[in-house]
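Each of the next two complexes has chain A plus one other chain: chain B in the first, chain C in the second.
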Partner chain A sequence: MLKILKYSFYDLMRSRWSYVYFLFYLLLGTVLLFLNNDLSKAIITLMNVIIVLVPLIGTIFGVMYYYNSKEFTELLLAQPLKRNAIFLGQYLGVSLSLTMSLVLGIGIPFILYGIFRSDSIWNFSLLLVTGTFLTFIFTALAFNISLSNENKIKGFGYAVLLWLFLAIIYDGIFLMSLLLFEDYPLDKLSLIGTMLNPIDLSRTLILLKLDISALLGYTGAVFKKFFGTNFGLIISILMLSLWVFIPMLRIIFKSKKKDF
Partner chain B sequence: MYIRCIRYRITKFQKFLITILIIGIHTTASYSNTLIVCKTCTHQTITETVNTAVAYDTIIIKKETYKEYNIIIDKPLTLIGKNYPTIDGERQGEIITIVSDHVTIDGLFIINVGTSYTEDYAAIRVKKSKDFVIQNVVLEKLFFGIYLEKARDGKVYHNKIIGDAVEEYNSGNGIQLWYSKNITIEHNFVQRVRDGIYLEFSDDCLIKNNVSSHNIRYGLHFMFSNKDTYEDNTFEKNGAGVAVMFSKKIKMSRNFFKENWGSASYGMLLKEINDAEISENTFEENTIGINIEGSNRIQYTKNNFINNGWAIKVRGACYTNIFVQNNFLNNSFDISYNSKLNDNIFNNNYWSKYTGYDLDKNGIGDVPYRPVKLFSYIVNRTPETIILLRSLFIDILDFSEKVSPVFTPDKLLDHHPLIHKIE
Partner chain C sequence: MITIQNLHKTFKKNSVLTGIDLTINSSGIYAILGPNGSGKTTLIKSILGMVVPTQGTIHIMGENIKNNWHYKKNVDYLPQIANFPNNLSVKELFKMIKDLRGNTQADQELIELFNLAPFLNKKLGNLSGGTKQKVNIVLTFMFNSPILILDEPTTGLDPISLIRLKELIRKEKTNEKTILITSHIMSFVEEISDEIVFLLEGKIYFRGSIAQLKSQTQQPNFEHAIASILKTSYA
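Moving on, here comes the complex of A and B:
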C-alpha cells in the first residue's frame, strides 16, 4: 500500500493541478495578509473560503484522479496485489498531496508574516486541521462516487451535486425545518443536524473559536454544555474522524466486490 | 477727644480679636488630639476609644486583630489604621456605622460582616452624614461593603472589596448608594459580590477609574439616579454586565466592558434612559454589547464594539438616538432590531463588514451600509438557528435581503460609512 501511496503522491506532485492549487492558496494567503494587515481578520476570511472551497476541490480532484488513472489501476489489478492496498493507496496519495498544497500554500505566507509570534496561532492551527479533515472526507466521498459509477459524466455530476447539497442545500433545508418546528425545543435537533454534515461540523468548530460570545446568548442547556465546555470541540473532532473513517470503509468494501 | 475715642474703640476691637484667636487656638489644640489604639496601650478597643474621643480627634489604630462590631461613630473623627489592622466582625452584624459629618476612615482591613435576611449589614455604613472620606480600606468576607444611606458630599477612594458571593439572594453589594448626593467613587476595586457598585435615587455622583469584575449580577447598577457620570471604569466578566435603568442625563465615557457572557448578559443594559451621552467606551467580547429598551435621545459617539455577539440590540420604543463615529469590528451581528420601524440615526460609523467602495477617495463609502441582517431577524425569531451562522446559505440569504429589504427596516442605513477605522 505504501508503495502505491508513494507512487500516487509523487505522480500528483508532478502534476500541474497540484501546483495550481498550491499557488492559489499562496496567492490568497498573501493577498489577504497584504490587504488586511490584521491576522485575525485574515483568518476569518480564510475560514469562510476554506469551508466552501476545500470540499469542492477535494470532490472534483478525487473524481478526476480516479477516472484518469483508471487504466493504470486496471493494470495494477492484474498484479498480485491486494485491492485494499491499491485503492487506499491511491486515496491517501490524493488526499495527502491536496493537504500538502493547502497547508504549504496557506502556511508559508502566514509564517512569513509571523504567525508564531501572535496569539492567533490556535485559530490558525484549527483552520489547518479543519482543512485537512475536509480534504480527507471529500476525497473519500469522491472515490466512493466514482467506484459506484462507471460513467465519467455521471460520476462528475454526482460529485458536483454532492458538494452543492452539503455546502448549500442542506443548510437551506436545515433552516426551513428549524423555522417550521420553532414551537418545539430544538437545541438537540439543531446539534444533530450539524453533526450529519461535515461542512456544518467544521463550521461549528470555527464558530466555537470566533463567535462564542454570540453562541452563549442562547439559553438551552444542551447548547450551553456543547458550546460552553470542551465537550463541543471533542465531539466535533470525533464526528469528523467518523466522517473520514466510514467512507474509507466503504471504499474497501466496494473495491473488493467490484468487477473491472 | 474725637481721636482718643476712636483709639479706644480700636483697642476694644483688638481685645475681641484676641479672644477669638484664643478660642481658635483652643479648638485647633483639641482637633490635633491623637489617640492610639493597640493591645498594650491605654486604649485597647476601637469602640471604647471612639466613645472617649472628643470631636475632631484622630484615632490611630496599630496593626492588630480587633474582634469588634457595631462601632458607632457619632462625632467628627479621623480613624487611621497603621499597616492595615484587622477588624473581625465574627459575622455578628454591622461593623462601622457613621452617623456624624466630617468622618474619615483610612487604611483598615475589615472581615466577617454578619449576613442577615432582614437587615442589610454593611462593613461601613454612612447614615445621613456629609463630608466623609473612606479610603484605603480592604473588605473581605462581607455582606454589604460600603453602604451610603442619605449621605452627601463624600468620597469613597481607593478601596478593595473582595467578596465570596455565590447566590444572588444571600449576598450584598460592594458599594451601595441610597438617596445619596454628590459622592465621588474613585479607584476602587470590587470583586465577587452581588452588584459591584449600586446606585439608587442618587444624583450628581462621579464614578471613576474603578474596576468591577466577577460579580454575581451587575458590575454597576443604576436605578432612578440622575445626572451621574461614570468614566474610565473597567467592567469585566460580570454575571449580567452593567445595568443603567430609569435614569436621566447620565454621562458614560471611556469605560471598558469585557467578556460578559451569558443568555441574559450585556456589556451594558439601558432601560428607560433618556438624554444620556455614551462616548469612547470599548465593548469587547460580550454576548450583547449594548441592549437598548425604551431609551430616547441618547448620543453614541466614538465607541468601539469589538468581537461581540450582538454589538447593539434594540428591543423597541427607542427614538431619536444618534450613533455617530463608532467602530464596529468583527461582531457576529452589528445591529439587531425586532421591528420594522426606525427613528434612530446611524452616520459616519466604521463597519468592518462593509463591502462598498470609495471612488472619490474622501474616506466615506459611496454605497450606504445596511447594518441589520436578515439572519439577525431570523435568530430573533428562532434562537436555535444561530448554529447556521457563517453558513454559505445564510450569506446568500443576507445578500438577497440586502439587495431588496423585506423583513428588516428598509430605512435603517448608514449613508456615510467610513472606509477607515477611527482611532
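Moving on, here comes the complex of A and C:
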C-alpha cells in the first residue's frame, strides 16, 4: 500500500492543479494577514473559505483522480497486489497531497507573520486540523461515489450534490427545523444535528475556540458548554475520525467485490 | 497451468459467460477469438481476478484464484487500452512497476528493441498512442512469468514494431510459456497462434488448430472459416 501511496502522491505533487491549489491558499493567507493585520479576523475569514472550499476540492479531486486513473488502476489490478492496497493507497495519496497544499499554502504566510510568537497558535492549529479532516473525509466520500458509479458524469453529479447538501442544504433544513420546533427544547437536537455534519461540526469547533460564541446567543452558550470542554473536543474529533473511518471501510468493502 | 471449470459471469441482467470449461496444460500460443461481445475480455479479466465470477472456479498453476493475489506473479498482462499517470516519465513508470513486482534486467533489451530510448525521460501524458502501446509491451514482457495474456497487442503499432512484437511472442513460446492472445486481426492470429479457442455467446464454440477449423467448416481460408461460423450462428 505504501508503494501505491508514494506513487500516487508523487504523481499528484507534479500535477499543475496541486500548485494552483497551493498558490491559491498562499495568496489568500498572505492577503488576509498582511492587509488585514488582525490575526483573529484573518483566521475567521480563512475558516469560512476553508469550510466550504476544502470539501469541494476534496470531492472534485477525488472523483477526478479516480476516473482519470481508471486504466492505470486496471494495470495495477493485474499486478500481484492486494485490492485494498491499491485503493487505499490511491485514496491516501490524493488526501495527503491535498492536505499538503493546504497546510503549506496557509502555513507559510502565517509563519512569516509570526504565528509562533502569538497566542493564536492553537486556533490556527485547529484550523489546519479541521482542514485536514475535511480533506480526508470528502476525498473518501468521493472515492465511494466513484467506486459505485461507472458513469463519470453521474459520479461527478452525485459528488457535487453531496457537497452541496452538506455545505449548504443541510444548514437550511437544520435552521428550518429549529424554527419549526422553537417551542420545544432544542439544545440536544441542535447539538446532534451539528455533530452529524462534518462541515458544521468543524465550523462550530473553530468558532467556539475563537471565543465568539456570544454571537450565537443561547444555543451558543449550550454549545460552549459542550464543545468548550475537553470532553466536547474529544467527542468532536472522534466524530470527525468516524467520518473518515466509515467511508474508508466502505472503500475496502466495495473494492473487494467490484468488477473492472 | 490454467484450469477453468463451469465459469459463469453475469453483469446485472446481462449474462456474458455461460459455462466455460477450459484446460490449458501445455505451453504454446492460444488465440481467444469471437465476435464483439462474446466474452473474450471478460474471460481474460476473470483469469486475472479483475472480474469476480458469478459461478465456477479458476486455477492458475494449481492455485485457486478466489480471494488470492499471489498467483498474479505468474501472469503478465497487456491491457487493451494503455493509459498511465500523465505526470510520470517512462523511466519512472518502469522503475515503479519493477518496484512493485521485483527487479528485472530484461527491460533494457526491450527498450532497445522498440526504440524507446529517446522517450525515456518524456512524460507519459505527452506520448502518442503507438508509443504508449510500446511502453505497455515492454512492461508486459520484462517479467519472466510463465503465463502471458495479451489483449489486442497490435493496436496502434507501426509495421516494424509489429514484426518485432511477433518475434518477441515467438521467442517467448520457445521459452515454454503459455500465451493467450485476443485479436481481431485474423492474419496476425493465423500467423502466430498454435491453437484457437472460439467463443460464441458466452460458451466455447470451437477449440482446436486452425487446420481443424478449416476442415470442419470446409473453407480453405482462415478468415472465411471464422466468418462461416458466425454466419451459421447468426442464421
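Rule of thumb we're sticking to: the second predicted complex is superposed on the first by the 245 of 260 C-alpha atoms of A that agree within 3 Å, B and C clash if a C-alpha of one lies under 4 Å from a C-alpha of the other, contacts with A are read in each partner's own complex, and residues count from 1 in each chain.
Simple rule for what comes next: contacts are C-beta pairs under 8 Å (C-beta built on N, C-alpha and C of every residue); 3 or more make two chains touch, one makes a residue touch a chain.
Just so it is clear, the structure is predicted and the values come from calculations on it, not from any experiment.
Asks: Figure out whether A:107 sits in contact with chain B (first) or chain C (second), or with both, or with neither.
Replies: A:107: touches no partner chain.
Asks: Return first, second, both or neither, reflecting whether A:11 touches chain B, chain C, both chains, or no partner chain.
Replies: second
Asks: Would you check which partner chain A:182 touches, where first means chain B only, second means chain C only, and both and neither mean what they say?
Replies: In the superposition, A:182 touches chain B alone.
Asks: Who does A:171 touch here: chain B (first), chain C (second), both, or neither?
Replies: first
Asks: Output check: A:3 vs chain B and chain C. Expected answer is one of first, second, both, neither. What do you get?
Replies: second
Asks: Considering only touches as defined above, state whether A:257 meets chain B (first), chain C (second), both or neither.
Replies: Touch partner of A:257: chain C, not chain B.
Asks: Per the contact definition in the header, classify A:80: touching chain B only (first), chain C only (second), both, or neither.
Replies: Touch partner of A:80: chain C, not chain B.
Asks: Could you say whether A:72 touches chain B, chain C, both of them, or neither, answering first, second, both or neither?
Replies: Touch partner of A:72: chain C, not chain B.
Asks: Does any part of chain A touch chain B in one structure and chain C in the other, and if so which residues?
Replies: Shared contact residues on chain A: none.
Asks: For a test of understanding, state which residues of chain C touch chain A in their complex under the given definition.
Replies: 11, 45, 48-52, 69-73, 75, 77, 79, 81-88, 96-97, 99-101, 139
Asks: Under the stated contact criterion, what part of chain A meets chain B in this complex?
Replies: Touching chain B from chain A are residues 40-41, 44, 47-48, 51-52, 167-169, 171-172, 174-175, 178-179, 182, 186-187, 189-191, 193-194, 200, 203-204, 206-207, 210-220, 223.
Asks: Where on chain A does chain C make contact in their complex?
Replies: It is residues 3, 7-8, 10-12, 14-15, 69-72, 74-83, 257-260 of chain A that touch chain C.
Asks: Inside the complex, what are the residues of chain B that reach chain A?
Replies: Interface residues on chain B, with respect to chain A: 259, 261-263, 265, 285-288, 307-310, 330, 332-333, 352, 378, 381-394, 396.
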